């Protein structure tokens, strides 16, 4: 048995050193360290393709640049519509603001401010979203599936690829899927145009072909889940209908006992053939805005480039 | 100030009496009672239309019949694809089984058993799912949107309307939406047929028109969320783009501090214009398999019919 | 494998029937049912002695009468000081009140109201607590250990045994332990008298002898934990230093991943020799104000008396 | 309104820079940053006395050296008995080991290994604990209160002050309280000696005088809670019976909705007069083994010495 070694925090301590030392601790500290090592290993494993699932309000919370950085190492990206909408809102020049979870929601509503726990957003962003979709609808309406629609939005944005998830996916041609895109501000904008009689036809199931075909062809796969929701499940089912993943990490605050997919431990996926019984995987039970910067801080340092 | 009255449990105590008495307690007990009263009130309010969002593995857990009963009082239903897939699996003659969360997942995988926390399902159900979709694909492929596709599946099922969510929605013509249907076993079956060259075109955004139009036209609306995920958000955004809801209850184990929609308190929706500032709403922080039967046990008793 | 049977809620459904039916469900519903059966079995098992640990603000929340009822079947009772203090406050004629977790705490402080999540208490209760201890200090100061001190307080109360936990324990001579009594309002009252020069000597370790000796002598033991904290640990360590328990249930919202005793699964106790490897035990992950009335509603019905 | 600034993780990123940047994020990231700033401020505030409460299995998890470092800035320390017992076990030459939460508890029990989630401890440590108490009982039995007993244990240990919490408290004469010491391995050892007829008399309430007197005399106070339990409550009640605290941070995974003290937000303390209405305080909802090293990593850097 290996002994627990007590963490010592030095002045100017680096994140990467902390994470390395956390491997000798227990509980959440060790899980964060394991997740960091597994993510490093799956990125360094040249045979391994990485499927990255993103849920939770990570863009409003200030995690966008880390996500964009992770996309440099991502082969398949699946997101909730909300994160992509908030990314688009920022790409159109708006910001999210530091707010207060104890704010009076009635007062906020009067001032036109939308609250996301302790983050605020001006409701007027929807005006610019509408303008963007109105101006570009003809172009967008040529798309036939969600991936191409999202790539097209990325293409149309006047921002640097390191400023926007959507731009990054377009520029780097990272397949980006969003099975519940209708369930988002982007969906609402498309509905708005359709409601005014414009035509667009996006096939709800078309993207499945690409993710499952891709999944079938890989020798080795790793899954990386921030939150649960549709992104996790969409990737998990592509494993189930092809071959199991060899690496996996998930960061979530949801819990297993209530039985939902978002809180389920990755181990459960072995029974379904979603995760390899010989795979390396771990579950980090933590707010992703805390655990993700730590994990990425370690991985950044380990990567050769 | 009203005093707390201590619960007294009598022999043969009825659920409805317990819930009524819980209104004089604190913490979760009071929240369950409040939710029960609000749900009763929204059902009894003839002007109020009810939007019901369902997430979490509620069908595998044995909540199907309660859900079907709630559908008798539902005007708009939004579900995850998983619950509908498990409903379909049961409608095709299969069952879910009492399992064990401590089971060896590797052994389960060898035996062809899929684990959902402490519930098991035989993996061979996918064979019958495939057969159903193969046999009915021509019929299904006539559908152009998700609601009609799901109604059609319901129509094709040889079960009583009280045995299946999908059948119930078809028979009662309850609009049923599933923005992430691709992210489910049903989605996988459609992909399978498309992969073999069959044609079907389901518009990813078509359903939004109906839910938002419907939401616009109502004088009063109530929302009922079991879990969060896309069902909650899809309903919430239909309120945001029409008028706010006057009643609301949600049952979830997710927590607000990590900022995701699934754990957000309903109160937050006031800032967005999703919930009315004068509305009645409450959040039940509890495993839905425990809280839902209690709430429904109370409501059942209160309803005149 | 036994199939999941979907819950059906009938009008006038009884708690006991619901719990029985929950045994055929998954997730939290099944755990509540298992806990109900195990508790019934341990009460009906004539050889089994029951150790009941109580933490969390259960008296303010309205659970006092259920707790008193459970004490009728309890052999050893361990509580936090807070629950006993709130019991004493009520025995002295005060009440707890239905409050609001969104109340302005600054305003409450001005009005002399103490908040316990959504339960209020008037701060003036401390005046009567002081009076009680001042008037009875001579009597109380004859006690040499915590159990006898608490029994003496119970003896002094002018209430029916079914109105007070402390009275019940005195009348029924149920050994009542509270290893952290100093950490409570009762402790503060004793401190107050000592600070004014009065004498009392209560041995901090004396009670351990009785609980461990008692634990040693039993053929069979069952543990029942509402919340974790010192009551759980104090009972668990008495098992570790005697013989393991054969039955166990715990109700807690704390989680195992962060490693504390309060969230630890009972199974972990097998490694320590606190729980028998052949024992029957389960963990209910739920707010106790919801799960406890259910479990007790079932047990009440099953007990012959 | 201040905009959210997206985190950028650079190679060799320092913890202190990360925490500083997290102040411009949302959710848990901002809370960790706020907690770091508040802790720094309370340490730098020369008028402020710091009350540090420690619960949860922090010593087994590898947090001992951080705790010892925090003690350099602590005026009053309150701990669970478990952390002190595990500290003593290590001071006697034993170690905790990296384990696995999925281990077979029955097998562990046969091998004499005690499991604390994913940390293991050899059960034979109790032999050396017994030896220590047997050899030193005469000395220990001269103590009349818990603080002096714990200081005496610290004095007797042949370790450096930076290797043991107990030693540190003795050497630096930091008042160390443990209201539930009976509820721990140390308590068990004292019981063992008492059971064999040896005499020791430790007053259960004596320590209250010192903490409340001390609390009364301070102009300004800050509270720092890792976990909840008796340490938090014992400090909170000393504020209630003196003057409210001006600073406060707590790190816990427990949740407020179930009403217990461990999950209660610090804000609730304003109503009780435990926290100043003008105070600075925040709640970090996170596994302390993750959040504590981050917070301390920032504080370390900010402190002048």
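Order of writing sets the labels: A, B, C and D. Residues in every chain begin at 1.
Simple rule for what comes next: a residue touches a chain if its C-beta (ideal position, glycine included) is under 8 Å from a C-beta of that chain, and two chains touch if they have at least 3 such contacts.
These numbers were taken from a predicted model, which means no experiment stands behind them.
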item: Chain pair with the higher count of C-beta pairs in contact (B-D, B-C); value: B-C
item: Centroid spacing, where centroids are CA-atom means, of chain C and chain D in whole angstrom; value: 25
item: Distance from chain C to chain B - Cα centre to Cα centre, in angstrom; value: 35
item: Distance between chain centroids, defined by C-alpha means - chain B, chain D (Å); value: 43
item: Where chain B touches two or more other chains, by residue; value: 26-28, 57, 60-61, 116-119, 255, 257-259, 267, 285, 287, 289
item: Pairwise touch network: line, ring, star, complete, or other; value: complete
item: Chain A-facing residues of chain B, complex; value: 55-57, 60-61, 82, 101, 103, 105-106, 108-109, 113-119, 123, 146, 179-185, 187-188, 190-191, 194-195, 200-209, 212, 227, 229-230, 233-234, 237, 241, 253-264, 267-273, 277, 287-289
item: Chain D-facing residues of chain A, complex; value: 1-16, 18, 22, 24-30, 32, 57, 60-66, 69, 95-99, 102, 116-120, 267, 285-287, 289-291, 293-294, 296-297, 300-301
item: Complex contact set, residues of chain A against chain C; value: 26-28, 31, 255, 257-259, 285
